[in-house]
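Chain IDs A, B and C follow the sequence of writing; residue 1 opens each chain.
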């Protein structure tokens, strides 16, 4: 194996084994497609050995690559064993394809950053006036919304006149008069409902019931009526007190 | 027109990229002492005559600017259609019915405070305008509607706004709670409340 | 040279005043729908040929910039704040030439893991962006370049990437597996190592 120009050992300069391999491949000064993989393997192994002699700490992935390359080299040199898959040639081809791709991208990156770059080589206007977007709102409202809103405000805030319709009610006076008249005829306990007019219905009946109840309380206070109720919401019974 | 020479191109590029107007000395510092900056500026100035951009000198400093007559192209209006808020429509209604009216008066009628933004929106819409000051302590500003208000709402004049009686007839004055009670008691079979004319 | 008409002047002024490159749609929004913007751009482009300023299209967006050959007059002496690491340059190139591409695919090409900061720096510069997920197990994020990338590197489109046609023709943008299959089947599995027949 011809030893290529010795590389200076600078392990920190490489971004991994593939990067180092590419640099070594370049030192063969051939198109990567003409690359001698065996020579590359030797170059790599030499490099790693030198680094070890210098007691440099080598990252594990460099050593893994070294082991794999050593295996590849022996496989390439030994008589072919058709049982082994993939074949050493295939492994070597894959390595070469990877190196080609890395080299291509490395070169592309270099060409890219060498272009005339905005803010470095070419410049946009230093003090542009700027463009304005004037955002205008076109407000929507219909005449109905306007009128309805005013109606609602008026309804909400105008002094409300309460017109109480003529309601069919039994006044307290009527109820007192009625209950005191009827009670004279009832010696037995009678429900308060039995004191209501028979034709009373609806809200008039409710009114009559309420007034009759208050009338009963008033008459009880006067000592003219007794009231009995077994429990809350149970029927309310009235009976006259004999004078 | 002068064909661009190197100095002229350099002056053009330097002025274009500059963040501030540049003096002759500034230009020399970039382009070089030997160059005939003055001639380049004159040639550029001529080149840009009648174009969208012009080269101008203000107090010994040179810069490019867009041609003043094109200012209208440098802004673009974007119209968004937006619905007026409830506060907005109510405030507008009060102003329309009561104008001229102060903010405090609007609040008294509405029974709710109005934010400054509400009046701003109505002003931006072009529907209201300041209309003098009320001659009371503090001289508050009064507001009134505009001709745009009338045309937007299709009114020939403010007299076309329906009056209170019209509103009542249209059922628009029904207090919400009264209507509720009516509906409620009807459902309960009673005939308690005088049914307000709800029918349209 | 075309004498400047109104549209041309307006387009010139709008592009001049803009803080960002503008698309045709942007220009239409400012200059008007009826105007023949494309013709105005072509005329302007011609007018500015050979001048200190040039009109360029980058990824469908137009802007004025100084002519590249005048860089020596303009180069500012602040250090290039966007100095990229070698890893950054390679990663950017891989994304630009392969987009959309996942992190694992970038790492496969470079043979090393990408440190987290590398993608961050490119993203912060506004040159790359996440571009969906690859529909494979793990659904890895893909990356692609941005319009700012094209502007910054002076590319009208990705087709302008240096050497991209040659790289594609040589199969160098295909994954190793694909290239391997091709080379292997052509060579019939024989002595493919030293001279794989890659040329199309």
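To be clear about the criterion, a residue touches a chain if its C-beta (ideal position, glycine included) is under 8 Å from a C-beta of that chain, and two chains touch if they have at least 3 such contacts.
Here the structure is a predicted model, which is why all the values come from computation and not from measurement.
Determine, using the mean of C-alpha atoms as each chain's centre, which chain is farthest from subunit C.
B
Which chain's mean C-alpha position is nearest the mean C-alpha position of the whole protein set?
Chain nearest the centroid of all protein C-alpha atoms: A.
How far is the middle of subunit B from the middle of subunit C, if each middle is the mean of its Cα atoms, in Å?
42
From the C-alpha centre of subunit A to that of subunit C, how far is it in Å?
Their C-alpha centroids are separated by 35 Å.
Which subunit C residues reach two or more other chains?
Within subunit C, residues 14, 16-17, 30, 64, 66-67, 74 contact more than one other chain.
Taking each residue of subunit A in turn, which ones touch at least two of the other chains?
Answer for subunit A, listing residues that touch two or more other chains: 123-125, 129-131.
Within their complex, state which residues of subunit B touch subunit C.
Touching subunit C: residues 1, 4, 8-14, 16-17, 30-31, 50-53, 64, 66-67, 70, 73-76 of subunit B.
So in the complex, the part of subunit A that touches subunit B is made up of which residues?
Residues 123-127, 129-143, 145-158, 160, 163, 165, 167, 202-203 of subunit A touch subunit B in their complex.
Subunit C touches which residues of subunit A in the complex?
Those residues of subunit A that touch subunit C are 15-19, 33-37, 76, 87, 89-90, 92-94, 96-98, 100-102, 104-113, 115-125, 128-131.
Applying the document's contact rule, which stretches of subunit C touch subunit A when the two form their complex?
Result: residues 14, 16-19, 30, 63-68, 71, 74-75, 80, 82, 84, 86-87, 89-90, 92-94, 96-97, 109-112, 151-155, 161-164, 167, 170, 172-173, 176, 179-180, 183-184, 189-196, 198 of subunit C touch subunit A.
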